[in-house]
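Same chain, two partners: chain A is paired with chain B first, then with chain C.
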Partner chain A sequence: MDMTLLVNEFLITGIIVLLLLLDFMIKDKKEIIGVVFSALMFGMMLFVMFFNRKGILLGGAFVADGIAWFSKIIILAAAFLTGLMSVNTIKVSKKYTAAYYILLACSTLGLMFLVSSKELITLYVGLELATISLYALSAIYKNDDLSLEAGIKYIILGAVSSGILLYGLSLIYGVTRTTYLDGIMNYASTGLINPVFIMALIMTLLGVGFKLSMVPMHVWTPDVYQGAPTPVTAFISVASKAAGFVFALRLFAYMFIRLDYVWVPILSIIAFLTMTIGNLMAIPQKNVKRLLAYSTISQAGYILVGFVGASVIGISSVMFYLLAYTITNIAAFAVVAAFAKSTGSEELDDYAGLAQKEPLLALIFMFALLSLAGIPPLAGFVGKFFLFYAAMQRGYVWLVVAGALNSTVSLYYYLLVLRQMYLTDRKKELPKVVMPLGIKLTLLITMIAIFVLGLMPGPVLDMTTEIAQKLFLK
Partner chain B sequence: MVELILFYAFAGVIIFSAMLMVLSRNIFHSALFLAVTLLGVAALFAMMGSFFIAGIQVLLYIGAVVVLTIFVINLTKQVIGQDAPQVNEHVIPAIITSLLAACLIILAVLKTDWGTRIAQSVAQTELTDNTALIGRQLLTNFVIPFEVVSVLLLAALIGAIAIVSRDKEAEK
Partner chain C sequence: MDTISMLGLITAALPILAFIIIVAFTKKYRLTSALVSITAVAISFSLSCYMLYQQIIAPGLHSFNIPWMYIGSLELNMGVMINQLTTIMLFVVTLVSMLVQIYSMGYMHDDEGFSKFFSFLSLFTFSMLGIVISNNLMQIYIFWELVGVCSYLLIGFWYTKPEASDAAKKAFIVNRVGDFGFLLGILLLTFRAGTFDFIKVIAFVQSGAIEPGMMTIIALLLFCGAVGKSAQFPLHVWLPDAMEGPTPVSALIHAATMVAAGVFMVARLYAIFSMSQDAMHVIAYIGGFTSIFAATIALVQKDIKRILAFSTLSQLGYMILALGAGGYTAGMFHLTTHAFFKALLFLGAGSVIHAVHTNDIWQTGGLHKKMPITSITMLIATLAIAGIFPLAGFWSKDEILVTLHDSGNTLLYYTAIITAFMTAFYMFRLYIVTFLGEQGHHSEHAHESPLTMTIPLMILAVFSIFAGLVGIPGQEINISKFIFFSESAGSHAESMNMGIAVTSSIVALSGIALAFIVYFFKFIKAESLKKISGPIYTLLENKYYIDEIYMFFIKNVFFVITEALKWFDRNVVDGAVNLVAFLTRWGGNKLRRTTTGSVQTYALVIFSGMIIAIIAFAIYDPEALKLLGRP
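Now for the complex of A and B:
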């Protein structure tokens, strides 16, 4: 047994303990904990990137394969950028600053276990660790009613969806008598399919769908995104979603691959609904965080289009899009966090005339939104192109047409924001937006990544394709 | 035969008390019916020979979770009142969807071949030394979830303290 495969997880656990100790040692300057957290997460990201060990532990319960490696980089990058964004913007009192970063680290640990496990109990425990930390993080502004509302909505709906997921998983165990994904895949390949097994598959889809905020399990998204602290919203919208998609990849594109005649039609309809409802609901939004929340729902719909696509290219395009989406969304939320920190407002109307006052901030927000809409030289375009290409390969032309139409709709409300910033005059005087160093660094890193991924997607795409191919090789 | 009768008796108790838990107007009674439901589940575990799980069920769920729930109800009585209204405004749609879901599940379960004979032989081999087997499995094949759960408890503790405890600095 090669325990060194677990080194990343051991190190993150060590970081959690270190942050606890730092809380005792540092009395006043609690921002240091945030800086230490971000620096350690950056270090972990580089460590995972360059010490890429592959292998299997505990009879296939824990794997370090390409998908786990790639998604761990995404998760750690998201944790690093979230930490950087949080340092100067969160409004948590000194006493609980450390708790904020410890919970963030716990959630990161859970997500890392989630993407590495190929066994149902490990998957479920990792998922719970990640989401329970996020429930607490959403409600951490305890004197803010919206934050508390976000916490209670997230925990109740999350518990219901976890219950459905667990029921589905236990039925899968009941039918197949194994909790290992490989064993279940063998069972699903025999062709002896029980009705209960199909029902369990649908229940699992519903339970996972909550984490991905796919329609009809999306109702929690706008309220939680609006109420939670902005960096936490960014983390929920990227890291938790990325790990959720990896979970879904392992379940559907791998374990249930032979049952694709069951889940592909269901998923294609859900993808269509998720894109369309997310986009249509985003148009009338007046709060920027709610608008971005509906935009992330529609983004989840685009990613589901990739699931429907042919297996290898589908997985490859989903992995690539997750990376592009992560950096773009973090950039957008960092702008919102900086704006809210200085002006105390998240309303779209207050963004009027931002371009005259803060040309750079408005420009960055424009690039982030255009990348989300999928405009050519940016990362979002390449990602979306390959998602739709994957669906075309399997002949889902109607879904691709719907996706293209949806992108046009999404461009409409992104342009509404741009019109506010560039063409509308400022109605009331708001304080100047001060950008702390953490936010500046976050924006700089994400902007470089958006352009690099958009202009030179080749190396990363080769990497994701190789990862996807290796998944099916024995 | 006796086993079958016992099973249906316990299942009836579980369903009946679960329904009473949801429908009861008094939240304190709901908590007590929850305890009865969990006790019924423990009895089912014991019938299947999983005495360890049955014991854990009684100790943890009834001894800790339900007792904690009753504590919370008593401590927050002034805030929410004893008879907090628990009426769902969408009773009829809720009943329809629940019935449909129940029908679907029952149909699927009835149409499935569960391979009962294999299950019986598995149960008989495990009956001999169930507890030791659980312990060995937890520390070998399932050591990762076993350890991750301890981090989960730490995260839950920290989260609960950070949200619930009073914060003088932030109130200013």
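Now for the complex of A and C:
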């Protein structure tokens, strides 16, 4: 047993302990904990990037492979940027500041386990560790009704979805007598479709769908995204979603790959519904966080289009898009966090005339939104193009048509925001936006990444293609 | 990489360099910014001239590729492709852009955003040049979108004007509708051909590997892109509104960039379009319809820029019509000559607006004496667009008419003839009302514009006179030989068809005569014409209510759907919340104060979704699922 494969997870556990100790040592300047957290997460990200060990552990339950490696980088990058934008931004009392970062670290740990496990129980434990920490994080603004409401809704609906997922997983176990993905794949490859097994497949899909905010499991998204502290929203919308997609990749692109004729049509319908409902519901929104929430739903729909490809191109573009989406979405939420911190508002109307007062902030928001809309040469364009290409390759022309139409519709509401910022005059006087250093850094890093990924997607695409090829070789 | 393609790359790269310099360094220094931008485009222009000369003495294909990314077996390159067609376009785009920029120094002189304006112009020029030098479908699409973004920035330049910001949004979104088809076409084509590269794709298509039905679909989808960018019916609605932007921008959009992109793309991929006769017919009819449709609207407009905008629509329709009827040479030829006189018309209109501060032609009049240079150059452009011998427009229009005549489609031929008549009429209506006749009350203090504005007018006037001579049939250096993209790409008249030349001249002259009778000599009162035509006049004045129809559709269908969803969210979901709140009044439950949805309803949605999915599977039929796509 090569325990060094678990070194990343051990280190994160160490970081959690360290943060706990820091909480006792630091009495006043609790922001330091946030700085330490961000720095350590950044360090971890570099460590994972360069310490790229591959192997299998615990009889195949824990695996360090390309997908795990790539998604851990995404998760740690998200944790790092979330920490960075939280410093001096979140309005948590001193007593809970440390708890905030510790919970964030716990959730990160859970997500890292989730993406590395190839066994149902380990998967589930990782998932719950990640999600339970997020429940608490969403409700951490104790005096804010919306935040509490978000926490409660998240817990209840999360429990419902966990129930569905567990039911699906136990049915899988009941049919196959194994909890290891490899064993289940062997069963699924025999080609005998057992109706119970198909039902298990559907329930598992829906259970995972909760994390992806996939229709019909998307209902919690707007309320939780709106109520949770903005950096937490950013984290849920990217890290948790990315890990959820990796979970889905392991299930569908690996475990159920021989049953693709079953799940590809289902997913094509769900992908269509997810992007369409997300986009249509985003249009009438007046609250920026709610608008972005619906936009993330539609983004999940686009990513599912890549799943429909069920091919090397499909999976590699899913991974590429996850990275592009993570960076872009964090940038968008960081702008919202900065604006809300100074003005106390998340209403779209209050963004009027932002371009005159804060030209840079407005410009960054514009780039983030245009990248989400898939305008070249930004990161979102290349990703979306290949997602559609993959589905086209499989013959899902109607889905690609729907996807392209959807991205036209999405442009409408992204432009509504741009219009507020650039083309409308300020209606009421709002305080000047003062950005803490952390947010400035977050925006700087994400902006560079959006352009680099958009202009030079080659290296990353090579990497994701290689990873996807290995996945399919097995 | 050879010298010519390297030069092509530099030509396109210089404007983006200027953009970066202005944004990063010289933003605060107005004059420097303008000079940086103009210098860059001037060098690009000289390089284009050199490349054009090289192509004339030694025609050939120069290209190179830089690998950009690989995904699976699909290779994506960024590259340059220079051939005769490219150099002609490079020449036109850089020339018009340079003149527009020089002109803008005068026109935008007092504007706050002077530097910003030049940076946007540079970016716009860069995007257009990017389309022109592209050697593959992906690259052309990226620059295609970038042109859309730039048009958004430039049309909405005076964003404090609500009309301008609406027009900018409209242009962007309407174009995206067209781009959506274009992207699908590219995806379908690439998917079949396995490459983005123009030459390889064309070779693949010409080998007949794609079945005819599919070929038609692909060609029509690609054409959607041109319908958007070149403002063909039914996506023409953005172009007339786009004149809300500063006039130099209108000149650039209407003459050499943006709208030219669509026609250029059809020409570039002509070999693909010509593989499907059905698609070619659709293209020809859309072009023909747009040309006559827009010409009728232009007859009654009173805003000087709006008249010109509809004339652009009409002329673009002409080009598309020519391309669809098999006249590759004719379409591109008209694009070239049109670029000169349309730029001249818009810049002249800008000069008028600059002097009289109104767009309404009825409030001007008698400007000939006050602004002689503007007036004379405008007259040249008006004669050119009307197709009077021997100006540029005559030759290219003649070429189109010959093509139509030879194609044997009488309906389209007569459509073009009638459109030519209307063009002559409404253009002279514009000229007579604005420059001749009695002085309007806005004309009193008018004076000639500064030299920075009039010199570009004079240069363009020279081109409007002589540009057509390259296309005279039967001479040795001839545009037809020059811009042939491939052997099978189209026909060109070997000698002049005197009958058609005479017919078109008579038609144009009678249009002009009618304009003089009505608006100069006033033998027939314009008012009585208006009365006779009655409802038709109103219909035309309101542009056939197309905008209203679209708005009706958007308001009553699209927004109704979103409102219905919102209603569901607010009422069904919130109603449930209120019910819960009522029932738990004593509980002091937090949920009572919720403003959004209730958990119960959400859980209900989740479980219903699950049950639907499972039921769907219980009655599932593998055959039915296959309809969704290949398993």
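Just so it is clear, the second predicted complex is superposed on the first by the 472 of 474 C-alpha atoms of A that agree within 3 Å, B and C clash if a C-alpha of one lies under 4 Å from a C-alpha of the other, contacts with A are read in each partner's own complex, and residues count from 1 in each chain.
To be clear about the criterion, contacts are C-beta pairs under 8 Å (C-beta built on N, C-alpha and C of every residue); 3 or more make two chains touch, one makes a residue touch a chain.
For clarity, every value in this text was computed on a predicted model and none was experimentally measured.
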| task | Could you look at A:G59 and tell me whether it touches chain B, chain C, both or neither (first, second, both, neither)? | result | first
| request: Have a look at where A:L399 lands relative to chain B and chain C in the superposition and call it first, second, both or neither. | output: second
| task | Check the residue A:V48 against both partner chains and state whether it touches chain B (first), chain C (second), both, or neither. | result | neither
| Is A:S117 touching the first partner chain B, the second partner chain C, both, or neither of them? | first
| task | Mind working out whether A:I198 is in touch with chain B, chain C, both or neither, as first, second, both or neither? | result | both
| For A:M281, is the partner it touches chain B (first), chain C (second), both, or none of the two (neither)? | second
| request: Count the residues of chain A touched by chain B and by chain C, then name the partner with the higher count. | output: C
| query | In the superposed arrangement, does A:A271 touch chain B (first), chain C (second), both or neither? | reply | neither
| message | By the touch definition at the top of the document, which applies to A:S93: first (chain B), second (chain C), both, or neither? | response | first
| said: A:L322 in the overlay: touching chain B, chain C, both, or neither? Say first, second, both or neither. | reply: neither
| note | Overlap of chain B and chain C contacts on chain A, residues 198-199
| query | Which bits of chain A are touching chain C when the two form their complex? | reply | 145-146, 148-149, 152-153, 156-157, 160-161, 164, 198-199, 202-203, 206, 215-217, 219-220, 222-223, 226, 260-261, 264-266, 268-269, 277, 280-281, 283-284, 308, 311-313, 316-317, 370, 375-377, 381-382, 385-386, 388-389, 392-401, 404-405, 407-408, 411-412, 415, 419, 422-423, 425, 457-458, 461-462, 465
| request: Spell out the residues on chain B that touch chain A in their complex, using ranges where they run on. | output: 104-105, 107-109, 111-114, 118, 122, 140-145, 148-149, 151-152, 154-156, 158-163, 167, 169-171
| query | Inside the complex, what are the residues of chain C that reach chain A? | reply | 67-72, 74, 138, 141-142, 145-146, 149, 156, 159-160, 162, 165, 168-169, 172-173, 176-177, 180, 183-184, 187-188, 190-191, 559, 561-563, 565-566, 569, 590-591, 593-597, 599, 601-603, 605-610, 612-614, 617, 622, 625-626, 628-631
| field | Residue ranges of chain A in contact with chain B within the complex | value | 6, 13, 16, 57-59, 61-62, 91-96, 99-100, 102-103, 106-107, 109-110, 113, 117, 121-122, 124-126, 128-129, 132-133, 135-137, 139-140, 142-143, 151, 174-175, 177, 194-199
